[in-house]
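Shared chain: subunit A. Partners: subunit B in the first complex, subunit C in the second.
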Partner chain A sequence: MTFDCVVIGAGLAGMTAGVRIAEGGARVAVIAKGVGSLHLGGATIDVLGYAPEPVDSPRAALDDFIAANPDHPYARVGTNAVSGSIEWLRDHLPEIGFVGDLDANLQLPTAVGVAKPSAVVPRSMAAGDLRAGGDFVIVGLEPLKDFYPAYCADNLAVAPLTNGGSLRARAISIAPPVAGEADVSPLGLARRLGDPETRKEIIRTISNRLEPGETVGMPAVLGVDDSPAVWTDLSESLGTGVFEIPTLPPSVPGIRVFRKLLSLLRSAGGRLLVGPEVLGMEAEGGRVTAVKVDTSTRIVEYRAAEFLLASGGVSAGGIKLGSDWRFVESVLGLPVALAPEPGGERFLPDYFGEQPAARAGVAVDDALRAVDSEGNVIYENVRVAGATIAGSEPWREKSGNGIALATGLAAADEILESVKGGD
Partner chain B sequence: MELMRASLDHCVKCTICETYCPVSNATQLFPGPKYVGPQAERFRIGDISPDASLDYCSGCGICTQVCPQGVKIAEINSQARSLLKETKGVRLRDKIIARPAVGGRLATPVAPVANWVLQNRPIRRVIERAIGIHRSAPLPRFAGRTFQRWARKHRGPAATKSVVYFHGCGANYFEPRLGEMTVGVLEHNGFEVIVPKQDCCGLPLQSNGLFDAARGYVRRLAAALAPYARRGLPIVSSSTSCGLMLKREAREILEVEDDDLQVVSEHMYDICEFLMMLHDEGELKTDLGSLPLTVPYHAPCQQKGHGIGSPALDLFGLIPELKVVEQIAECCGIAGTYGVKKEKYGIAMDVGETLFQGVKAADPDVAACDSETCRWHIEHATGVRTVHPVELLHRAYALDLRAGASRG
Partner chain C sequence: MQTIETDVLVIGGGATGAGVLRDAAMRGFKSVLVERTDLSMGTTGRFHGLLHSGGRYVVKDPEAAHECIVENVVLRKIAADCIEDTGGFFVTTPWDDPAYADKFHAACVQSGVPVQEVDPAEALRREPRLNPDISRVFEVPDAAIDSWKTVWSCVRSAQEYGAEVFNYHRVVGINRNGDKVVGARAINELSGEDVVFDAAFTINASGAWGAQIALMAGCEGITILPGKGIMIAMNHRLVNTVVNRCQMPTDGDIIVPIRTVSVIGTTDIRVDDPDELFITQDEVDRMLDDGEKLVPGFKQSRALRVWAGVRPLFKDDRASAVADTRDVSRSHALVDHQARDGVSGFLTITGGKFTSFRLMAEDTVSRMCEQLGVDVECRTHEEPLADSESGKFYWLGSRLVAREKNLHDEQAICECELVTKGRLINAIERRDTKDLDDIRRSLRLGMGPCQGGFCIYRATGILHGVQKLDGRAANASLHNFLQERWKGVHPILYGDQLRQARLDDWIFQGLLDVEHAPR
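Showing the complex of A and B:
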């Protein structure tokens, strides 16, 4: 198998890079051990929420943040790349209708009623912005486990507001017509909300209990591919703002984004292989010539001019901690930077504190090529994107998807330039 | 069993398998792969499954493919289902439909009668009541001749390289033309095609939980093919699910540890995989004529289980003017013998609905799919003639015309 580029990993970084490379006219294969983290996360583009103090405007904060954190992935690509990547996403996924920009963070409620800063969010979530306060009713759907409207509403009601507005929230719980089911997943419910009759029933029930001036928050199950129509129907029929709150996995908003990106990848001639694991590589003269892919009985070499590693960080298994206490990059065996010394302290008791191992990952240069501890490029044609890159603490900064998007697209640009230059 | 079970510990309950399970998305009777797999497996220490909903798993294998943690969900569930059947007993129907080669041998000499019986609606209603094969389920037509018989008489052109063809029961009894076209394409590319005597691979027995019988079949088949593999000859299959059985499933699900099987699996190729490998090495002939057709292509679940990407799409890309519409639907629903069962036919139709709509929306000339039972099901549900990718290649090479010309 020969491609211009092989991308390893099908999360936000790998998929957006794959689409961009394919649209740029190069032959690309995205290979992933399983489908990626988009199915688990909320599909908001969190660029920078804490630095570590709360960030109101990522655009205003990014330059200082980069100066203070020279090892951070944002320092490799710069503020303009972050900004450009968001425009790219907005243009490519008009159905999702991303709203917001780098100028101001929205504050959206999580399923437990905590305000979370996000720069860019799906249109179906935007009415949940808490910054200006307001009256909210959080609607639970009874068959859906792990979404407790009272928990969400009670926490929201006591959430501190930075703008001095007032916020009221109450909870209601409704039983949508999904009779006879013991176990309903968010995706199952989302499919049912695609049905106009089911939706009509839900709208009627909510209407009866809605008070004037209330904005409606619901678990993020408002349709799958038909979500724009489902959300519009609910908003118009209820005559007020309706917003989705990300649920525990599976994440329907994430699945929508994945499906759109996959469709873009395919129409641009790119390939996605889900299932086979990349076991390693062949290298020659400072370049990787092929990655070794475990098919059902044979190891098959996928040769390419360029490779992009977007296999995720510790939570996705892209970075692993070995039994010898050493951190390893699990696919290509690249060196891991910013890891605690073997024998040193790896974890601190304060769960939300700055953990010693938090920034571990693969260090890269400004062209996103993996570098060693001296800063020397390891392979001319191996780039890294997303959570595999060293230097960020996405869960503390609220920067995960922002980094994935900006580095994925920046790496794709470098790859396209290199592929075209080689012609 | 231990190898598969060990993967359980990697489950983080992310629910991605449930998201992709075509069956649990279509019916409430199946609670989903995570539930009957990594969760219920903890209660199956040397005993039967805690509940029988497991039987509604179609065995498509998608859960294992999409799992980002490497949990062998489908394999664990297949093994548990076999245990369930051992304790609860296997229906007569399942014993019959799991043996296509037996049916093929019996029906081929009397094919017109057998086909009339199996297409006769009143008789099908009786069969449904008697043994539980759904009256509307797509059953293949017996060709009335076998591919083996054709192959024994066939004399190919002189060639310098050889390949072994594992045609499977589908091509032998139901679609001998596919076998002939596969041979034609390989011969056109300079191969002598060896067709050893061969029987069923045991896959339908495996998917019906009859593991011991399946092991017998797959061992015998491996023994028949192994001498060629030991000579280093590649073995190709135009039946993607049976090829996967030899590559991986006999080892992973049936736990057959066998030298013959090992060497055969190492030399086993899906036909499209093999042809694209030739292309990669610059050895595939590209004298392909235009086919101005619109063809929806469905990569069946078992094809995806090979982990080889979509070689059929790459081959289609070599055919001028062929417009291929890749289907996004995961599964057609039939899953071998699953969808012909009375209690599961409706589920199989619901599972395939997205695909059927996609196929029809393409307003196609023909549809393409690598697996025989999926082709029959798609054709049944959409009325669109559905062919193996090799058939399109055969047409683009104009091999019938060439054969005619050389005879003339």
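Showing the complex of A and C:
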């Protein structure tokens, strides 16, 4: 198997890079051990929410943030690349209909009812922007154990508003017809909402209890592939704004993004292999020549001119800590930077405080090539994107998808240039 | 200010206190227990869950060993629902003195601990993950016992006899009338209210905190040396039998399979304050290395949680003066303050081990009866605890069987520990609590591999509804649970459990943004 580029990992970084490389005319294979992090996280593109003080405008804050955090992935790609990556995503996924830009963070309710800053969000979530206040009714679906409307509404009612105005929120709970099951997964419920009859029943129940002027918030289960139609139907039939609130994994909005990206990848001639694990690699003359992939029947060598490591951070298994307290990069064995030494402090007792090991990952240069502690490039043709890169605390900063998107696309550009330059 | 009148006031809500409460109530005394936090929050809730056969002590302390086997038989009879009859192995590993094995066997016979030598090949067939290089194996009637459940069952039995429990009540003073203790003053930690307990007799069962309470009664010179021990719960049942090293008792030589996990213990480090228990990297490393000796590959399992408990090691500065107290000892100490200090209406019971808690209670209440000139027999060894009436031991698959029955009618809120929504609501209402950590101890909610990653948001939403909390109160409960959980996991995060913990961070910080929820 020979490709121009092999991408390892099918999260937002790996998938967007794969699409861009394929669309750029190179032969690309995305290999992933699992289905990718888009199935876990939401589909909001959080670029920078806390630095650590609240950020209103990522565009205004990014340059200072980069200056203050020279080891951060954003410092490798720069503000313009972040901005460009968002335009790329908006253009490529019109069905998702991303809303917002770097100029101002929206404030969207989480399932706990906290206003969380996100730069760019799917159209189906945008009506939940709390900045200007409003009257909200949060609708729970009883068979779904991953969403508690009254708890969410209680917190929303006291959420601080950045743009003044007043906010009222109340909750209702409805029991959509899901005969025979007390316990339905978010994905199962999303599929049922694709059924027009089920939806009609839900719309009728909500309409009966809706007060004039109320915007409707629901758990993020408004359809899977048919979500634009489901959301439009709900909004038009209820005659008001309807928005989705992300719930616990699996993430239905994330799955929608994954499926659209997969379809783009395939249309452009790229391929995705889910399941096989990359066991190791072959290197020669400072370049990786092939990765060895366990296809369960045999070990196959995937040869390529360029490799992109987008295997994720600790939560995805891309970075691991052994019982000898040493951090390792688990796919290619690259050195891990910003990692405490064995015996050093890794995690401190305050859960919400700064954690010494939280920024561990692979250090990269401005071309996103993995580097050692001296800053020397390890392999000329190995680039790194997304949460594998050292230097960020994505969940505290609210920057995970922003980093994935910006570094994934920036790495893809470097790879395309290199592949074309080599022709 | 509230005043509660009672015959007997028990201070301390661990196993000993709960045992004393039940014993006193069963002998017809109006009895009340005060505990500064929740029940089983001290040493009782912080041990490995081993119901001793006595095997551990046969060589070192035959008397303690005999006491253990007697109480082991009693608890199997009265507390069956709290016990899993795992049996226990003592195994000679390559690191153990081979000569100890024969000494051990002879000492078991002498102390009355049933013992049977097992062919190592047979032991490995039953426990395939054991170190294949073990040379001798002895089987004894060790078992796993759920300390939380035992204490709650004791309390429920006591309540049936009219006893009352005041948890989250901190004793701030002991009341005396001349040379007689007449009760205690406490603060309700949840409401801030002062409560006075007027009692004819007061029993100090506060374990490692016993000296502090004795001092409040003006009884000086008692020292309780807190001996810290750490334990680590590993995911899965690495063994289904309690496994001990066949050697003189030392650190890291026991693995107890309990509920869905395996617990390795323990260490013994003298500390100054029973409320300040730090866990060091060195202790964690030693425990994991010791686990590896008994079960090769031990370290590759997920380490779920680490905690430290304190053994109360009793020391009386006036030991030479009074016959009824003992030097540093692991067996229990009943301090007769009438004989020792000339203070009547007051006894201190401390030391001992979980396995002998009922016997400690019996000794204490019998002494009280003696001092009061009352003659009532103890019956705690005859009557089963609440839920143990059938005499059937707890079985690992029991929750799964219960879950199968309501698979299509009930939501599973905690998939790891199979806690349904109905069960959760019932526990919140029964305990009338706003604290998710109380629920954790009652139901094991959030104690499985995901450590609450999925269930705790759900449980908060349900708690908010059942207890009609406002957002802030619910957020505080969620926040507190996450902070408490983190204390027990952050020192041992590595491998797949670190990966799990970072997914949990993703959920709580990245997705829900709990950090910025108002409290």
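By our rule, the second predicted complex is superposed on the first by the 422 of 423 C-alpha atoms of A that agree within 3 Å, B and C clash if a C-alpha of one lies under 4 Å from a C-alpha of the other, contacts with A are read in each partner's own complex, and residues count from 1 in each chain.
Simple rule for what comes next: a contact is a pair of C-beta atoms (placed from the backbone, for glycine too) under 8 Å apart; a residue touches a chain by one contact, two chains touch by 3 or more.
Source: prediction; values computed, not measured.
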**Request:** Assess the superposed three-chain arrangement around subunit A: do subunit B and subunit C clash, or do they fit?
**Result:** fit
**Asked** After superposition on the shared chain, which partner residues are touched by A:249: those of subunit B (first), subunit C (second), both, or neither?
**Response** both
**Request:** May I ask you to decide whether A:148 touches subunit B, subunit C, both, or neither, giving the answer as first, second, both or neither?
**Result:** second
**Asked** For A:188, is the partner it touches subunit B (first), subunit C (second), both, or none of the two (neither)?
**Response** first
**Prompt:** After superposition on the shared chain, which partner residues are touched by A:317: those of subunit B (first), subunit C (second), both, or neither?
**Reply:** both
**Asked** A:262 contacts which: subunit B (first), subunit C (second), both, neither?
**Response** first
**Request:** Put down the vertex angle at subunit A formed with subunit B and subunit C, C-alpha centres only, nearest 10°.
**Result:** 90
**Message:** Just checking: does A:276 make contact with subunit B only, subunit C only, both, or neither of them? Give me first, second, both or neither.
**Reply:** first
**Message:** Per the contact definition in the header, classify A:343: touching subunit B only (first), subunit C only (second), both, or neither.
**Reply:** second
**Asked** Touching A:41, do we find subunit B (first), subunit C (second), both, or neither?
**Response** second
**Per-residue contact with subunit A, leading partner among subunit C and subunit B** = C
**Asked** What is the minimum C-alpha distance, in Å, between subunit B and subunit C after the two complexes are superposed on chain A?
**Response** 5
**Request:** Could you list which residues of subunit A make contact with subunit B in one structure and with subunit C in the other?
**Result:** 40, 180-183, 249, 316-317
**Request:** Would you tell me which residues of subunit C are touching subunit A in their complex?
**Result:** 281, 288, 299-300, 408-413, 421, 454, 457-458, 460-462, 464-465, 470-472, 474-475, 478, 482-483, 485-487, 490-491, 493-495, 498-499, 502-503, 505-507, 509-518
**Interfacial residue positions of subunit A with respect to subunit C in the complex** = 40-42, 46, 110-116, 143, 145-148, 150-151, 154-155, 157-158, 180-183, 246, 248-249, 313-317, 320-323, 325, 343, 346-352, 394-396, 398, 400
**Item:** Partner subunit A, residues of subunit B touching it in the complex
**Value:** 14-16, 18-20, 25, 28, 31-32, 35, 64-70, 244, 247-248, 265-266, 268, 276, 280, 304-310, 313, 326, 328
**Complete:** Residue set of subunit A touching subunit B in the complex reads 1-2, 29, 32-37, 39-40, 180-183, 185, 187-188, 191, 249-250, 255, 259, 262-263, 266, 271, 273-277, 293-298, 300, 316-317
